[in-house]
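Notes follow the structure.
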Amino acid sequence: MQNITPFKTKIYYEDVDVGGYCYHSKYLNFCERARSEIFFSKSASPIQNGYHFVVKTLTANYKLPALFGDEIKVYTSIKEFRGASITMFQQILNQDEKIVFEMDIVLVGMLNSKVAKIPQEFKKILNITKR
Amino acid sequence: MQNITPFKTKIYYEDVDVGGYCYHSKYLNFCERARSEIFFSKSASPIQNGYHFVVKTLTANYKLPALFGDEIKVYTSIKEFRGASITMFQQILNQDEKIVFEMDIVLVGMLNSKVAKIPQEFKKILNITKR
Amino acid sequence: MQNITPFKTKIYYEDVDVGGYCYHSKYLNFCERARSEIFFSKSASPIQNGYHFVVKTLTANYKLPALFGDEIKVYTSIKEFRGASITMFQQILNQDEKIVFEMDIVLVGMLNSKVAKIPQEFKKILNITKR
Amino acid sequence: MQNITPFKTKIYYEDVDVGGYCYHSKYLNFCERARSEIFFSKSASPIQNGYHFVVKTLTANYKLPALFGDEIKVYTSIKEFRGASITMFQQILNQDEKIVFEMDIVLVGMLNSKVAKIPQEFKKILNITKR
């Protein structure tokens, strides 16, 4: 689970607020892009036949500010999964390999606005078939 | 057309970048909220039975920077309309009644991914029935 | 602490993603606007002589989706405060008075990039002087 | 001027609104990231000793919608420059090499909140020294 390629981006004008510091909710966006990239990188979509994940809970830890121009990497690992839910741990590092942000996030799979079991294709893409 | 109530908001942390200046694309968002409010204020939605507007072209003029904490007002007037398109003029003023931003925007009505005539209900809401 | 006027906004186009559901990190933005409004509503700025708060940790709970056009209210209460930090509880309700989002957030006061005690002016605005 | 490497990104959840279409102001953000990358790619910052560009005017043309998951490329070329201002032409193409968005944008260089001549270092990075 740990070997998912990190998602890379930079901190642009639109991401920072006064003083050039990354706005606090943007880290969640970067983590979401990283989750979507798990699918995109396998030429798949995170929305398949209407099935998709929504955020249930998250616990975030702001360690260091990311600054304008910083190059960040988002590491994603799967901590746990059950019928319809997945718990991921995501970590953002800057160009100096310092941790700037950490998050535990619980996602729930939905189909037609109802909680629904994770389909086999999703499990394959997320590499959680054998567990 | 000129008498649409202006849409008011403030410039928050998420809107500014380095130095506390409003990020340039955010003015477009404020103008879009103002256009949606024309519908919301009449208990209607800007999406009705799939019909909605998309942006075709826009010409924007940045006059003065809006700063963190500024209270802005978005004025919207309809310059012209034809079968499926509307041209609006939108102006953003700050708390000192100074113009910070101006835009001409051409919107095109869409239904099922195709250009489609503006429905009567939309014309009523936009107050362009009699012209 | 409970009697802070809620901050109101609507869910606009820019806030939603596929299907018309509010994007998960936007709730954090709405909560931040609500915190800034505590200052703005008293004609003060949340940045005074360089002193300002940054987010240290947060725990968020997504209860119900907010949809395009929804009118939401953000309620903010202060749970605890110490020398340089404040813990707030923030709750977002929709027009049907249903809870859509809840968050515990720990903020830390900063001056010149260092943790610094909450100044008296900030305590007054936050109404935490007497405790 | 035409040979600046295009900036690439994808259309993520945060970029789309109802129906999975990219929100209209986001194209401006992608173009801004492309402009910043001209500097970042040369290990430079678009803010040097306080000097930076602000948007003066822009004319945008929406050709085709960009959809969730699309891979886009932003091409930037410099049309004209004078003492303190630069006119750029930016074009966004999707993975099928179709033009989705085009923009003419006029930027003005600022120093200490005043219009100021483009410094030599900026001209070098923008490759406009010899003209």
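For reference, chains read A, B, C and D in written order, and residue numbers begin at 1 within each chain.
Definition applied: a contact is a pair of C-beta atoms (placed from the backbone, for glycine too) under 8 Å apart; a residue touches a chain by one contact, two chains touch by 3 or more.
Computed from a predicted structure; not experimentally measured.
Using the contact threshold fixed earlier, the set of chains in contact with both chain B and chain C is A, D. Listed options B-D, A-C or A-D contain a single repeat of the B-C interface, assigned here to A-D, on the basis that more than half of the contact pairs agree by residue number. Using mean Cα coordinates as chain centres, the one most removed from chain A is B.
Chain centres here are Cα means. That of chain A falls 27 Å from that of chain D. Separating the CA-averaged centres of chain B and chain D is a span of 23 Å. Centre-to-centre separation of chain A and chain B, using mean CA positions: 33 Å. Contacts with at least two other chains are made by residues 13-14, 18, 25, 29, 32, 47, 68 of chain B. Under the stated contact rule, the graph of chain-to-chain touches is complete, every pair of chains being in contact. Taken together, the chain A residues at the contact with chain C in this complex read 18, 21, 24-26, 28-29, 32, 47, 52, 54-62, 65.
Within the complex formed with chain A, the chain D residues making contact are 10, 12-14, 29, 32-33, 36-37, 40, 45-47, 68-69. Interface of chain C with chain D (complex): residues 13-14, 16-20, 23, 25, 68.
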